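Order of writing sets the chain letters: A, B, C and D. Residues in each chain are counted from 1.
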Amino acid sequence: MKYTLFGESHGPAVGVVLEGVPAGLALDMEAIQFDMSRRAPGRNDLSTARREADVPHIASGVFEGRTTGAPLCAVVENTDTRSKDYERTRDLARPGHADYAAHVRYGGFNDYRGGGHFSGRLTAALVFAGAVAKQILAQKGVTVAAHISSVYGISDDPMEELEPLLAAQKKDFPVLNDEAGQRMQEAILEAKGDLDSVGGAIECGVFGLPAGLGAPGFGQNAEGIFSQYLFAVPAVKAVAFGAGVAFGLMRGSEANDPLYVDEDGSVKAEQNCAGGINGGITNGMPLTFEVTMRPTPSIARQQFTVDMAKNENAVLELKGRHDPCVVHRAVPVIEAAAALAACELMGV
Amino acid sequence: MKYTLFGESHGPAVGVVLEGVPAGLALDMEAIQFDMSRRAPGRNDLSTARREADVPHIASGVFEGRTTGAPLCAVVENTDTRSKDYERTRDLARPGHADYAAHVRYGGFNDYRGGGHFSGRLTAALVFAGAVAKQILAQKGVTVAAHISSVYGISDDPMEELEPLLAAQKKDFPVLNDEAGQRMQEAILEAKGDLDSVGGAIECGVFGLPAGLGAPGFGQNAEGIFSQYLFAVPAVKAVAFGAGVAFGLMRGSEANDPLYVDEDGSVKAEQNCAGGINGGITNGMPLTFEVTMRPTPSIARQQFTVDMAKNENAVLELKGRHDPCVVHRAVPVIEAAAALAACELMGV
Amino acid sequence: MKYTLFGESHGPAVGVVLEGVPAGLALDMEAIQFDMSRRAPGRNDLSTARREADVPHIASGVFEGRTTGAPLCAVVENTDTRSKDYERTRDLARPGHADYAAHVRYGGFNDYRGGGHFSGRLTAALVFAGAVAKQILAQKGVTVAAHISSVYGISDDPMEELEPLLAAQKKDFPVLNDEAGQRMQEAILEAKGDLDSVGGAIECGVFGLPAGLGAPGFGQNAEGIFSQYLFAVPAVKAVAFGAGVAFGLMRGSEANDPLYVDEDGSVKAEQNCAGGINGGITNGMPLTFEVTMRPTPSIARQQFTVDMAKNENAVLELKGRHDPCVVHRAVPVIEAAAALAACELMGV
Amino acid sequence: MKYTLFGESHGPAVGVVLEGVPAGLALDMEAIQFDMSRRAPGRNDLSTARREADVPHIASGVFEGRTTGAPLCAVVENTDTRSKDYERTRDLARPGHADYAAHVRYGGFNDYRGGGHFSGRLTAALVFAGAVAKQILAQKGVTVAAHISSVYGISDDPMEELEPLLAAQKKDFPVLNDEAGQRMQEAILEAKGDLDSVGGAIECGVFGLPAGLGAPGFGQNAEGIFSQYLFAVPAVKAVAFGAGVAFGLMRGSEANDPLYVDEDGSVKAEQNCAGGINGGITNGMPLTFEVTMRPTPSIARQQFTVDMAKNENAVLELKGRHDPCVVHRAVPVIEAAAALAACELMGV
């Protein structure tokens, strides 16, 4: 299964083509809309004020309610755009944003309005694709679930079982520990008050994967496959599996998962330090990882930058509606990327 | 340019086929051997006692001293193998190692001796490929250099300029701060004395890349491309670009790199928090990242595990010669992976 | 540059996403529409009576009239569908069509109306993609042009120079020799009168390609790259380069192109038997090939077949509007496939 | 499963790395050697006088007689090279050969001796890969078999059933009709006597493939997948499926295969005009195709050409040992390419 995104933040729509969807799947549109809404903007003051219904329209690949096996194209309209906000600062590269790199890459022809194709808006289409992937995985007993693991240094409880994650998915602010979540939200609102933004991290698990998927080689190892999908999500700057960066602080005797035969005869690891992957191959434990997301680069504060047209220094004061934090809205996006990666790993 | 590894730890040889090497390159075999030797085992008591000369033999793709453009195959012989060390524990999965996952994946037919194709031994061939890639990059003004950034929590100085890194490459223990390096080595020897191992991290920079390489989409973004190569290196469990996991602790006003026009008219970022990449595209600053490497899973301590043949619990006491830490030997390996990734990004 | 088609014959639309389009191209929509119209149905009694305007709508990737470098999505609406024609014969596999193979492949869930995603209708989107590719190639001095080389055994004059081909492109029935074209049309109408269809062949040239593109290996040779695009066109069953199947009747002394240095110092081949390709690499001569297209499988005659629902023999009398020959409408489709292949070969 | 070839005609060896070989396969080395020998040179006066034993050495991926799932590398040594034959004509491009195109592509750095990496010698490694693929297919009930369908216009009987093809495989000159084969051999020897060469064609069938493999899209259709492998074989210039170029002479009522339910309940096509493929998907009938192979370009006759060093016209009189026809030796090569393609189609 391959996905191809298209669209721009201020174009008519964003969309996705999914190739290789198994035929005969009765799409649960309600479940898809649930994930779309978890990501949708404009729901509260933690997110951008742009309001989008984010209802996907299916243009192909579904017939009489079931997937046909042909490419599935879904389109999500853009309805609430204010392009004029971007006119004035068109030539001023937003620090931390793709503006300057894209300007060089595309010779200045990229659509600058709202970040164009670089906008987080594209993740609406990605969430659609992921929601379809989740339904395919569900038929194979595989579930993907994530939570906010930290915002601006404030940590949620660590993820352990699937159930509490499924409960967290239903929350407006998807954490395991609501008290920590409360403090995270305060940090976000405080940053917003300061015309600033904050970063954070998302922890995700893929539960139910069988052992023996993947291979050690380039392009085949489970970590490489997942990272390819995860780094395609805007703002992700780090990907860590299992114990992740903590491995650097460990001894082998701590990091090695003692193995044992469980009551049902299956082989298990005691701690799952490896995040379900050894030698690039799944080991039957939940596949776990954490991604770090940078703070939203679009902030209203005065910033020093360059005028790309004049190639001279400039000062930027940004208008427009921006997210003071994207971590909470990105939870279903990371799940989507993980679900697509899991499909690849399972040979879907 | 694509690389394909082959070989096993205790087979006759390991090797690599490099496709797409530009024709006409006069291979600097001395530079290649330099990198091979940096990785080679048996040089001191910080590494495994297995001794290998690691001299690559070129089987194709070079004619009259220059690359022909045809696939370049290089073979590195295995000369110092002791396969009988592995006989006794053949059915006992080493915790933290790929043994169990590989057993499931390959139905028990994988070569268990010394880890077979999963062995770090394969990185000898990868270093060869990377050394060729470095010579291609050098012609384009691009240099890759890495250092040990930490071992068991002991940190080296942060990487800033290229020159000190090139100096570090020549050291037996490649750090910027030798005093910190001394403490790292003590930690490694202490772990070794405890029949244990330690993890760590490597920081790497790609200097001289032009702005405008990569694209935002899946499979095209610079982070995704690099991560694909880096996670193909055994023991790498986390990859972080620029400020990496620290982005999660930051505000936008800290994480956004103020841009300015440099004296030569080029656009620069003040801090390079982004690690040279915005929106998946290079921005002209050095591309920087850090990888975390897990502690060597093969340790001589008694460990609890399973007997894969009998599917029952077991106790493992491993013989064989093992590295108490792979971080220092992995520095040229990470450089190799980065050099191959940089070639892909540059369209080589 | 990669293309991804979506849509079904009787769905709301067909479309294409083109990734990797160079930024800054001022799209000539008139030239695009010219190719769209050459392929469009309903223009005369040689084609299906279904009438479609085939005006492409651009959904992304173009801003202020120029390509942005982001994925370019174009949609072509379906307006003249008569799905009820297909209800009655839903379970009867049309011999020669994909119905049975698709039924097995997709478990009966494929959209059967008008052939669904298997319909020649999808080539409308392919022609759009090819028209964009042609504009990219034009900037590099490369032109793609094709003509009907035969219908039902009646042959056109062989292709030699570019100019007559460009003149043929403007004809309703694109041949070099109009007298031969007249006889071809009579053969088509005669078949139509007999409730039958006819096959034929299309010869195509890519003019202006430099020498030295491609490589001998799998997935890299020019013939392999072109064939991949050409066999993705419905009804193409054979692809032959240069002298093609006539090579089997030749001696080396006939087939070898004597080389000479032309007045401008360039190396040329006297006959271009090789079709511009030696060893998988372009040699600077026009790249030429011929594709054979099978007769339209949908014919109104009584045919013996199977009822897929009952798994028993059946007799089919097809309703619906069908092309008695697709060769003339397929000329811009083959050009499109060739233009996309040429872009890949040129590294676009 | 992916294959990567390496080596040159006059280098130390040619070889192949096969990635993705299923683990646990007990390699039948005798069957592999049988195919190697069918292709090997120097067996009689119909082929080049170069004599090679063509015994493959396995360098990795096999342990205790069975495949391990790790990359399988096999090496075939070059023992009978006469490189000095090529010294004198080093700068003279052989007409019809890759010399000139390769010279441009690789800036003159390609290994010219015996055609270097462009040599048919590389097909020794391809036959090895194909022989492994055949053993994988055999476990799934799939058999690949080919025969010479024509040489210099002299045709063999058409292929129909598997059994006579298996009998032909055992012949020195693999045809169905030995009388026709006799005349073909005479044509080859006659050409040889004239210091010339001849072309021909090979017809191949893949028997036992289930219906429902492949998909209509680019890169997924069965014809496209097969053509990719077939055009990677040197000298192949045309690929035609089923009725092939004869489709251009047909009406739909002739070309459409009437379908029927066979005694065992399976759906069959009466004639198999489609060559086992409809809409890019297998239909359960044997997959059949024919490839046309150009006459060997290396002939001893005087030929007009260019001196690539001086960029001026020249006359070539070639020394060296050459095949007056490669068609008979290419039969196992085409089988190998088909076997690898069939593995891809089956998801191996």
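The rule we apply is simple: a residue touches a chain if its C-beta (ideal position, glycine included) is under 8 Å from a C-beta of that chain, and two chains touch if they have at least 3 such contacts.
As the structure is a computational prediction, the values presented were derived from the model and not from experiment.
Undergrad: Could you see whether B-C or B-D has the larger number of C-beta contact pairs?
TA: B-D
Undergrad: In terms of CA centroid distance, which chain is the most far removed from subunit A?
TA: Relative to subunit A, the chain with the farthest C-alpha centre is D.
Undergrad: How many angstrom lie between the CA centroids of subunit B and subunit D, rounded to a whole number?
TA: For subunit B versus subunit D, the centre distance works out to 39 Å.
Undergrad: Distance-wise, how many Å sit between the C-alpha centres of subunit C and subunit D, to the nearest whole number?
TA: 27
Undergrad: Measuring from the mean C-alpha position of subunit B to the mean C-alpha position of subunit C, what distance in angstrom results?
TA: Those two chain centres are 46 Å apart.
Undergrad: Going through subunit B residue by residue, note those that touch at least 2 other chains and give them in order.
TA: 5, 19, 69-71, 105, 117, 215-217 - these are the residues of subunit B that touch more than one other chain.
Undergrad: Applying the document's contact rule, which stretches of subunit D touch subunit C when the two form their complex?
TA: 3, 5, 93-102, 104-105, 117-118, 150-153, 191, 194, 196-201, 211-219, 221, 223-224, 227-229, 231-232, 234, 236-245, 247-261, 265, 267, 269, 273-275, 277-284, 292-299, 301, 303-306, 308, 311-313
Undergrad: Could you please specify the touching residues of subunit B with respect to subunit D in the complex?
TA: Subunit B residues touching subunit D: 4-8, 11-15, 17, 19, 23-24, 59-61, 63, 66-73, 75, 105-111, 116-117.
Undergrad: If you look only at subunit D, which of its residues touch subunit A in the complex?
TA: Interface residues on the subunit D side: 19-20, 69-71, 215-217, 347.
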